[in-house]
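Look for chain A in each of the two complexes below; its partner is chain B in the first and chain C in the second.
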Partner chain A sequence: MLFTSYSFILFLAVLFVLYYLVPRKIQWLLLLAANFVFYAFSGWDNLAFMLITILSIWLIGRHIGRLHQARDQYLAEHKADLNREQRKAYREAVKSRQLRWLLLALFINLGILAVLKYTNFVIANINTIRGWFAAGELSFVSLALPMGISFYIFQSVGYMIDVYRGKYPPEDNILRLALFVSFFPQLVQGPISRFDDLSQTLFQEHSFDGRTVTYGLQRILWGFFKKLVIADRILVGVNTIIRDPEHYTGIYVLVGMLFYAIQLYADFTGGIDITIGIAQTLGIKVKENFDRPYFSKSIAEFWRRWHITMGTWFRDYVFYPLSISRPMLKLAKKSRTRFGDAVGKRVTVYLSTLIVWFTTGLWHGASWNFIVWGLLNGVVIILSQELNPFYNWFHNRFSVRSSFFFRFFQITRTLLLMSSLRILDCYRDVGISFRQFFSIFTTWNIRELVGGQLLNIGLSVADYLVLAFGVALMILVSLRQRRGSLRDALQERPAPLRYALTIAAVIVVLVVGAYGIGYDSTQFIYNQF
Partner chain B sequence: MEALLEILEELHPEIDFLTHEKLIDDKILDSFDIITLITEISEEYDVRIPVDEIAPQNFNSAQALYALIQRLLD
Partner chain C sequence: MKRKKPLIIILLVILTIAFLALLQALLMPKFQTQLLEGGLIADYYQEQNKDHDVIFIGDCEVYEDFSPITLWEQYGITSYIRGSAQQLIWHSYYILEDTLRYETPDVVVFNILSMKYDEPQNEAYNRMALDAMPLSGTKLRAIKASMTEGEEWLSYIFPLLRYHSRWHELSAEDFEFLFRRNPVSHNGYLMRVDVKPVTSIPTPRPLPDYQFSDICYEYLDKITDLCRTNDVRLILIKAPSIYPYWYDQWDQQMVDYAARNDLLYINTLQHLEEIGIDYDTDTYDAGLHMNLSGAEKMSVYFGRILAEEYGLADRRGDDLLAARWNEKAAAYYRQQADQYLELETYGYLRAFRYQSD
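Showing the complex of A and B:
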């Protein structure tokens, strides 16, 4: 069920009415039922995988929790009999038992994800190697990736690790845990929520609050505007360029790159607006996933402001534990003795960065394009870290840091760099992606562009006008958000103006949204990850 | 405490670590800094900061970080 389909709007309307009609005590159970209805639309067999996840994290989480309790009780009862060393040894023994259970949970859940998502990628690579020795090819297996599996498994893994770390006690009620895993607005493309954060409002009783619901609806409307008016429209131009790499080289690649930056932003942030908006109409608070990312001044900053919940997930559950693990600390020590302080200090951070970015790439998709994309992100971040002394020298010498033009330069540089890396997201393989990128510098065909060729990539003058208006509006809204909530400001305006604006926005989405011949409202880009 | 201050100052010479109390909240220390700090602390104090102790309240100030080291040493 697409967010942009009529059936979804109907589903949402029915849920909304029922949600505020049923006794408040059972609102969360209604929501759970709605999640399963929503998910069943994507295929009944997909539900089986989700149930395995729910059951495994519920059982193992509770077991780890019981071990925590038994440990605390034992230590309290034997406080006088045990010395510090004995207490420490006991704690470590319990921890290692808990770790075994955690690993089992990770094995089950990441195992499901790995088998469903990467089996054919592994087979394809084996076939390439077999091809070198003229051996026969292995056949691919037919595996469909259940909707949202990358998101709900990451959420579940986060929950398991938090319980293991003792950040919060495990959830005893399997139905509540099921609601957390299956919360339908997030199944399409995240955000990747944390249990301690989402559960604060997910299980609460909610009475109808006009202002919250209005805010939620406004957010949904803004999301639809970005998705239907901008993303689905510019998509036609992007596809024309990237699907014919032989013909569209040079300046077209640059245009495609920038158009894709607009498409991805409108698509992904629009989808998240819809997600957060839906949750808000139900009184539930979902964490923000973006913080005006295209205003970032470096790639590292960009990744702190784009797909925030994924970035913090990798930071907390992969980067931190990996880089301060015993083997890494040992490696740091060895490198320090062998190569000196400077290397010793960097080795764990940089090695972990590359591993994290390799994994991030792999999470985005089972292809070399994403792996190379991930690694390149890591390399750029490491390079910019290494260039820090130069930046410091530069800023000491020239006081341009706060000037508008310098900040504008930094923002443009980051946007171009990010868009260049994303070329790997567009073309069918790594070789073509690099070839297309370098053609920007080797094929001088800018004349074609000014000669009106941009009207031959599936976009009309009217489309460009709508896109220019849409992009300008997105920029203005982002700039305005620096001064606080736009919806708060709108709320203070007279009611007739507010209603007129809302109706105008609905009309714009309905009339200017990319429907009809030549357009097909598509699934969100991040849904495939 | 002096050794810890030295490590911190090497990371960010522009910050007065004796008075600053919002190193994480003000985004002065990023994830790279935190890992470098933990690696350096493990060298200097021979103490391993476990991952579940990486929380803003432990890294927001030099004092908080020093208290954490002391707690782990005990």
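Showing the complex of A and C:
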């Protein structure tokens, strides 16, 4: 069920009415049922995988929790009998048992993800190697990737690690845990919520609150505007350019890069707006996933402001554990001895960074273009770290840091850099991506743009006008958000004006939106991950 | 103030609905100056006196091949053609079902060319057949039966969802005919006076299977039953079009079906001489459709069957009816004269220019 389909809107309307009609005590149960109905639309067999995840993290989480309790109880009871070493040894022993259970949970869940998502990628690579030796090819297996599996498994893995770390006790009620894993607005493209965040409002009883619901609806509307008016409109131009790399080289690649930057932003943030808006209409608070990322002045900052929940997930559950893992600590020690403190301490940080970006790339897709994309992100971040002394020298020499033009330069540079890396996402082939990228510098065909060729990529003058209006609006809204919530400001205006503005927005989406026959309205881009 | 609040809310909601309705009306295609066949279905609902002896249902082989004015003038038979472009058999069935909500004719004439199509063909033709039909259970069933892949039933209920993308194509026609529309047909007959003679007869391609599909028979049965239930006599016809080729095997199936169900089936291709069809003068597109001359000949021929074999009364003695039909005939001759003038001036008919290119 697409977020932008009529059936989804109907589903949402029915759920919304029922949600505020049923006794508040069972609201969360209704929501759970809605999650399964929503998910069942993507295929009954997909539900089976989700149930395995729910069951495994519930059982293992509870077991780890019991081990925590037993440990604390034992230590409390034998406080006087045990010395510090004995207590530490006991803790270590319990932790080791918990770790085995955690690894089992990770094995089950990441195993499902790995098999479903990466089997054919592995087979393709084996076939390439076999090809070098003229050996026969292995057949690919037919495995459909269940909707949102990367998101709910990452959420579940986060939950398991938090329980293992004792951050919070495990959830005893399997239905509540199921609600957390399967919360339908998040299944399409995230965000990747944490149990301790989401559970604060997910299981609560919610009375109808006009202002909260209005805010939620406004957010949904803004999401639909971004998705239907901008993303699905510019998609036509992007597809025309990237599907014919032989013809569209040089300046077209640059245009395609920038158009894709707009499309991805409008699509992904639009989808998240819809997700957060839906949750808000139900009284549930979902973490923000974006913080005006295209105003970032460096790649590292960009990744702190784009897909925030994924970034923090990798930071908390991959980067930190990896950085303080025994092999890394050993490597750090060796590096310091061999290269000195200055270089040695950076070796493990950079290695962890590259591993994190390798896995980030792999999470985005089972293909080399995503892996190379991830690694290049890591390389750029490391390079900018290494260039820090130069930046410091530059800023000491020239006081431009606070100048508008320099900040504008930094923002533009970051946007161009990010868009360049995303070429790998566009063309989905490492060789073609690099060839196309370099064609920007080797094929001088900028005159074709002046000759009106941009009207031959599936976008009309009317489309460009709508896109210009849409992009300008997104920029204005982003700029306005720096001064606080736009919806709060709107709320202070007279009701008829608010109503008129809302209806005007609905009409703009209804009329100008790129949906229905004649448009290739698509699933959200991040849904595929 | 508190008392006024609900009133203000109701007023705002009404205003919103009214504005959306206006927007929808503006964005829907008008079919007034081009693509006239898109306006055929709407014409019927605009017709004040829905009381006809004969109702024709089918595709272009009815709305371009029969002239109700000729039937009236020659035999005093009142008729209406409920045809639309590439009207498939399920369209025909539901259009007939809908028509019977308004009137019960003596005879229904169904053109059986659509027996060759067993699945929805094109969204545009669905729209031409269904958009103008008022909302009813019949319409909902018709939508369900007709949708092609990717279509959404909701967009038939709220056509704004389908036609929203016309916002940048709006023309003077959309504003001119926002609150009114002119009939594009003469009781469902779409007039064309231009001539394009037949220059070659197509050689039929052998088909792997000549059997009409079950779904088509199912709808043909439904049409037959519907007529029986409403005490309406059904006649099956095949128009004298050279394209698409009408195979003997298809014809035989219709002969058998008619025999089984005690229906009259007329394949006019077998009566060309009797009708007087001359493919040098009676078609505007080299044999696909009849022009005015062909349609009038067809009507004279078919009117005789209706009058003599089906005993349809000559109603020209009814003064009120005659006055109404005389008015229709006047409009018919006016358009005829206009079209001849257009042909003389431009060499083509402006409303059909897109088809002549």
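The rule is simple: the second predicted complex is superposed on the first by the 525 of 529 C-alpha atoms of A that agree within 3 Å, B and C clash if a C-alpha of one lies under 4 Å from a C-alpha of the other, contacts with A are read in each partner's own complex, and residues count from 1 in each chain.
Keep this in mind: a contact is a pair of C-beta atoms (placed from the backbone, for glycine too) under 8 Å apart; a residue touches a chain by one contact, two chains touch by 3 or more.
Not measured: the values here are computed from a predicted model.
Participant: Following superposition onto chain A, is the placement of chain B relative to chain C best described as a clash or a fit?
Facilitator: In the arrangement built by aligning on chain A, the partners chain C and chain B fit side by side.
Participant: A:Val512 in the overlay: touching chain B, chain C, both, or neither? Say first, second, both or neither.
Facilitator: second
Participant: Tell me which partner A:Pro496 touches in the superposition: chain B (first), chain C (second), both or neither.
Facilitator: The second partner, chain C, only.
Participant: With both structures placed on chain A, which of the two partners, chain B or chain C, ends up touching more residues of chain A?
Facilitator: B
Participant: Using the touch definition from the top, say if A:Lys330 reaches chain B (first), chain C (second), both or neither.
Facilitator: A:Lys330: touches no partner chain.
Participant: Check whether A:Tyr6 is in contact with chain B, with chain C, with both or with neither, and answer first, second, both or neither.
Facilitator: second
Participant: Can A:Ala462 be said to touch chain B (first), chain C (second), both, or neither?
Facilitator: Once the two structures are laid over each other on A, A:Ala462 reaches chain C alone.
Participant: For A:Arg91, is the partner it touches chain B (first), chain C (second), both, or none of the two (neither)?
Facilitator: After superposing on A, A:Arg91 lies clear of both chain B and chain C.
Participant: So in the superposed three-chain picture, is A:Arg165 touching just chain B, just chain C, both, or none of them (first/second/both/neither)?
Facilitator: So A:Arg165 only meets chain B here.
Participant: Please state the minimum Cα-Cα separation between chain B and chain C in the superposed model, rounded to the nearest whole Å.
Facilitator: Least C-alpha distance: 45 Å.
Participant: Note which residues of chain B are touching chain A in the complex, please.
Facilitator: Touch list, chain B to chain A: 30-32, 34-36, 38-40, 42-43, 48-49, 51-52, 54.
Participant: Once bound in the complex, which stretches of chain A touch chain C?
Facilitator: Residues 6, 460, 462, 496, 499, 503, 507, 510-519 of chain A touch chain C in their complex.
Participant: Over in the complex, which chain A residues touch chain B? Could you list them?
Facilitator: On the chain A side, the touching residues are 165-167, 300, 304, 315-316, 319-321, 323-324, 326, 329, 332-333, 336, 344-345, 348-349, 352-353, 385.
Participant: Enumerate the contact residues on chain C facing chain A in the complex.
Facilitator: Residues 8, 12, 16, 19-20, 23, 27, 123, 150-152, 154-155, 160-162, 164-165, 167-168.
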